[in-house]
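Just below sit the structures, each encoded as structure tokens.
Heads up, the next two complexes both have subunit A, just with different partners, subunit B and then subunit C.
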Partner chain A sequence: MGPTRGVSVLLIFPALAMALALFIYPLGYSLVGAFQDKAGVWTLGNFVRAWELYRLDTLFTVFIVGLSTFLIAVISVSIGGYLTLGNSPVAKKILDWLYRWPLFVPFIVAALCMRTFLGRNGMMNNAFVFLGFMDQESAQSFLDWRGIVITFVWKQTPFVTLMVAGAMAGLDRSTIDAARNLGASRLRVLLEIVVPQIRRTLAVGLILSFVTMMSVLSVPIMLSGQSPSMLTVNMAWRINSVGDYGTANALGFVSYLLTGLAAWFYLREAVRDKQQGLTR
Partner chain B sequence: MSARLEIDRVEAAYGGTRVLKGVSLDVAPGEFVALLGSSGCGKTTLLRCISGFVPVASGAIRVNGTDITHAPPDKREMAMVFQSYALWPHMSVAQNIGYGLRLRKKSCAQIAARVAEMVAMLKLDGLAERNVTQLSGGQRQRVALGRALAVDPQILLLDEPLSNLDARIREDVRHEIKALQRRLGITTIHVTHDREEAMVMADRIVILDAGTIAQVGRPEEVYNRPASAFVASFMGANNAIRLDLARAGTKLRVASGPHNRAAELPHDGDVDGKVTAHFRSEAAKLSLPGDADPQGALALEGRIVQAAYPGGFWRYAVAVGDRQFMVDDERRVEVGVNARVVLPAEALHFFPAEGA
Partner chain C sequence: MKWVLRAGLLAVFAFFVLGPIGNLMIWSVAEQWFWPNRLPSQWGFRFWDVVFRPTGRAMESLWLSIWIALLTTATCLVVSVPAGYALARGKLPWRPIVMLIFLLPQAFPNLPVYINIARIFFEYDLNGTVAGVVMVHAVHGLVFSVWIATAAFAAIDPELEQAARNIGASGPRTFFEVTLPLALPGIVASAIFVFLESLDEFTGSYFVGAPEIRTLPLMLYSAGAGGNIQIAAISALILLVPSILFMLLVERFLKGEVLAKMGR
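Let's look at the complex of A and B:
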């Protein structure tokens, strides 16, 4: 005989209480706060202020995170593709061992590394000058939007690659052999046979990365002090320097809408796949 | 256009394990050859060497005289049908069949016409736009075959393509593939572990054992004249008894043993001394008390220990000493009755006894 209803509720209560206290309540509080002024009166004023002050930053955030997501997709599919279809066992082993390393580096440390790497007198420019690719005068700093994109891509690519390479390894190998056998090059096999079969895994990885990058504060703060900046920096500024929780909540609501949009795209695709009877 | 395939002393290895040990085979244009053997004998490895998925360690593979030993799989002009069908789940039936043509840069009209031709030929009418995940096993197998044939390959490779189908459909598809192959005249290599499948479909059967060819021949040759005890066992003659023979002109004298009387068998082959004789259950006859003594045949004294009715006849397990042989007979006999297993000379395949 199974446990009674009361025992069931008792068993899930600790987990439910944690979720309510640590996730649902703060999220709800923040969402409600976006629509209230300091006196607790319902208003859209926070959104008006957010739009007036930060619409460029919103676009900047979307551009940076979108571009990073695109680059992560390209690189992770390339790495996963080589691990699946590559010829050289030695190269595959080295790549398989190397690509995971950034996974274990925190964002703040990654940002710190990139500051010393991408600055005007950073390691990257010094290496180019040393190799004779350019002279010292033409060296420029990458500590702007480019630095943020490079850091995001460097940090998040391993995560997506881990998922993508795992999914590729789980494919029925004969579907790859069948395409090769009919005359498809490796690149065509990757793009036309492998990626379509793992696209849902890729989408999940990219959406999780998108959400993660939307919420990172340390990287934009450390790599790009100038305007425009990312929404996380704006939120931190409104709270820490101005004490304006209302506008910060409104910006948070915008961030939530953006990530929600990405999740909606994914869910729509997943439902469509299910209706077509695809299992992968 | 069908092609001649030459396999010349091919060796292949996985890691340090040699899987193929110098296999040579010549396949004529339009011929249907079955590679038959038990698991691990190297038949699939040989097929994958031919298709380019397993590197050849030494030896050569030639198609119409051109060396393709080290050519990549996509440059071999062969098409393979896989055991798991290997259909692409994100494509429709038509897209699966037309993919090879798309790779060959055919126009949309040409692709559509060829796909329609394949769909009609393989009885897939009305399914062209359906996703392959919505098809039955037999239909999937037809799509896989259509995908391979659509590109008009020089050589068709079949890697146990029927093993995932249920028995009834398997028999139908078996005959369909054979008829199609004969009609198209395409050189075909078929890997299977199913003896009957190889017998029914192939022009020639290649029996592999531990990475070497044990025998090559037409189905009736390998069935009736197995070259070794291994081939005899593999082809169904897996009952074996040790005998002491002495040649006397065109006859063989069998010395009496613990379970047989002395006998004379008409036989003009080159057999003498201690041998192992293999025979099939269906080639043996049952002799019961009261039956006339069998002439010109070997009779083993035994006792019926089991009876079953598979349909049309009775199948008995007859204990002879510590061995049991299966014998078919139309009569109903009770378990426990003494009986003799009668083996006419033509039922026996003789091989030198191991350790003799």
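Let's look at the complex of A and C:
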């Protein structure tokens, strides 16, 4: 049953042509462009310039995205863990309802929300002052690298939590219950029984978030205009203000490398799992 | 005691999840708000009038964004329904490679690719046109529409199609009267998702569309950068409505358990 080979190829052709023309071709263009100067001569000059101008920004980007990924992992595992192991059904229901709100909020809207929320006179500082945690004079703006990290974590945690909580809900309860009956604390059950079983799902969610954060322009450009900046802002600057595609493509190549590195770590783990016969 | 701690932690969590959206809502009805006032000194809907004035630029941007999102959704559906059917049911050479190609836009940072699309489009005069922006949005939407359509078709029991064929239905008739209706919920879900992604898209529109094509996210950005926080906040709230609706609806067809299967 189903279409024959010829018909199948015909059916897939338009979609495939679109992906090749509008993604694979420009992707190749950016890879080649990273190693060519304006006249089309092969060179490493773009990388030299990228290193001279943006090595600090590269580290800054790795730091921000890395820290955000780490925080997303901790928070999503905590939420998922409470949803799986928590005692209070009411608290679980509220938490389950609450955590997903930012899931489909566009990045540009999240950035604007945070710009008003984290500013010197934003709702966060005002709430702290109101509750007496600090006085008005010591209120400071969080619209710098901290603001970018908070926005990324706010926006991406629901996505990873949804995956992680789903995987946790699908686990066999008997080992969890057995460990609990033997007197293991909930934290220990979470870290030693639940997390090892869902770590593949967690890793996929984190890598997808990592790639997403590496290509978001709106958040860093709206929250923090100061130097050092994120690579996305630098690429936009090279194009719009200098018209320098070579350096922009070299920076693009660096961001491919960074995400490739993250994916490589994941694949290495996955292969090791398979060799040990632990694949789930 | 434990009860108090639990309630306290939930309250803090709620503040950080909902506070940023709440702050935006306050800004949308703040006519005057100067430091160090904790709340606006003058409230009102004056800026809503500015945004919703039929001749205003914001409404123009909203309609343009919706138009682009509709075109993007249509483009994605037209190519991804046949592609999904072929991937699920057909006999394709190099099927894993083809699936991988449709996954790549999600595996690479998009921004450097958008820059180079804009560079290529320059030669074809596609920058600053609706067609150009639709193409950029569509290739991003293709990842979701092809994968979800494939999953939707693969989930249908082939025996149902076989039964239709056995009682004499032709191949196309079986597809349109049996297979397609069964796959429709998944395809509708992917269409909504592509529509939303297009409506919210910023980076691609920024490089390919600006300054001629001012979608709502681009307008929001320039309003925010220009200090018109109220206008930006109202535009942001307009963008939030479909996102929140989708979030509330999503449980119907996008269970966490399904998401967790991704990448396996």
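Definition applied: the second predicted complex is superposed on the first by the 272 of 280 C-alpha atoms of A that agree within 3 Å, B and C clash if a C-alpha of one lies under 4 Å from a C-alpha of the other, contacts with A are read in each partner's own complex, and residues count from 1 in each chain.
Note that in this section a residue touches a chain if its C-beta (ideal position, glycine included) is under 8 Å from a C-beta of that chain, and two chains touch if they have at least 3 such contacts.
If you're wondering where the values come from, they're calculated on a predicted model, not measured in any experiment.
J.: Evaluate whether subunit B and subunit C can sit on subunit A together after superposition, giving fit or clash.
T.: fit
J.: Which holds for A:115: it touches subunit B only (first), subunit C only (second), both, or neither?
T.: After superposing on A, A:115 lies in contact with subunit C but is clear of subunit B.
J.: Should A:152 be classified as contacting the first partner (subunit B), the second (subunit C), both, or neither?
T.: Neither subunit B nor subunit C is touched by A:152.
J.: Would you check which partner chain A:193 touches, where first means subunit B only, second means subunit C only, and both and neither mean what they say?
T.: Touch partner of A:193: subunit B, not subunit C.
J.: Between subunit B and subunit C, which one contacts more residues of subunit A in the superposed model?
T.: C
J.: Taking C-alpha centres, what angle do subunit B and subunit C open up at subunit A, rounded to the nearest 10 degrees?
T.: The three centres form an angle at subunit A of 90 degrees.
J.: Figure out whether A:184 sits in contact with subunit B (first) or subunit C (second), or with both, or with neither.
T.: After superposition on chain A, A:184 lies in contact with subunit B alone.
J.: Just subunit B (first), just subunit C (second), both, or neither: which does A:174 touch?
T.: first
J.: When the two structures are overlaid on chain A, which partner does A:99 contact: first (subunit B), second (subunit C), both, or neither?
T.: In the superposed model, A:99 contacts subunit C only, not subunit B.
J.: On the combined arrangement from the superposition, state the nearest Cα-Cα distance between subunit B and subunit C in Å.
T.: Comparing every C-alpha of subunit B with every C-alpha of subunit C, the smallest gap is 15 Å.
J.: Where on subunit A do the contacts from subunit B and from subunit C line up?
T.: none
J.: In their shared complex, at which residues does subunit A touch subunit B?
T.: 172, 174-175, 177-185, 188, 192-193, 196-197, 276-280
J.: What part of subunit C is in contact with subunit A in the complex they form?
T.: Those residues of subunit C that touch subunit A are 6, 10, 13-24, 26-27, 35-38, 78-80, 82-83, 85-87, 89-93, 98, 101-102, 104-120, 135-136, 138-139, 142, 146, 158, 161-162, 165, 171, 196, 199-200, 202-203, 206-207, 217, 220-221, 224-225, 229, 232-233, 236, 239-240, 243-244, 246-247, 250, 255-260, 262-264.
J.: Which residues, counting only subunit B, touch subunit A once they are in their complex?
T.: 51-53, 72-76, 78-80, 82-84, 86-90, 99-100, 103-104, 131, 133-134, 144, 147-148, 151, 157
J.: Can you tell me which positions in subunit A touch subunit C when the two form their complex?
T.: The contact residues of subunit A facing subunit C are 1-5, 7-9, 11-12, 14-16, 18-20, 22-27, 29-30, 33, 88, 91, 94-95, 98-110, 112-117, 120-124, 126-127, 129-130, 136, 154, 162-167, 169-170, 198, 200-201, 204, 208, 211, 214-218, 221-222, 232, 235-236, 239, 245, 248-249, 251-253, 255-256, 259, 263.
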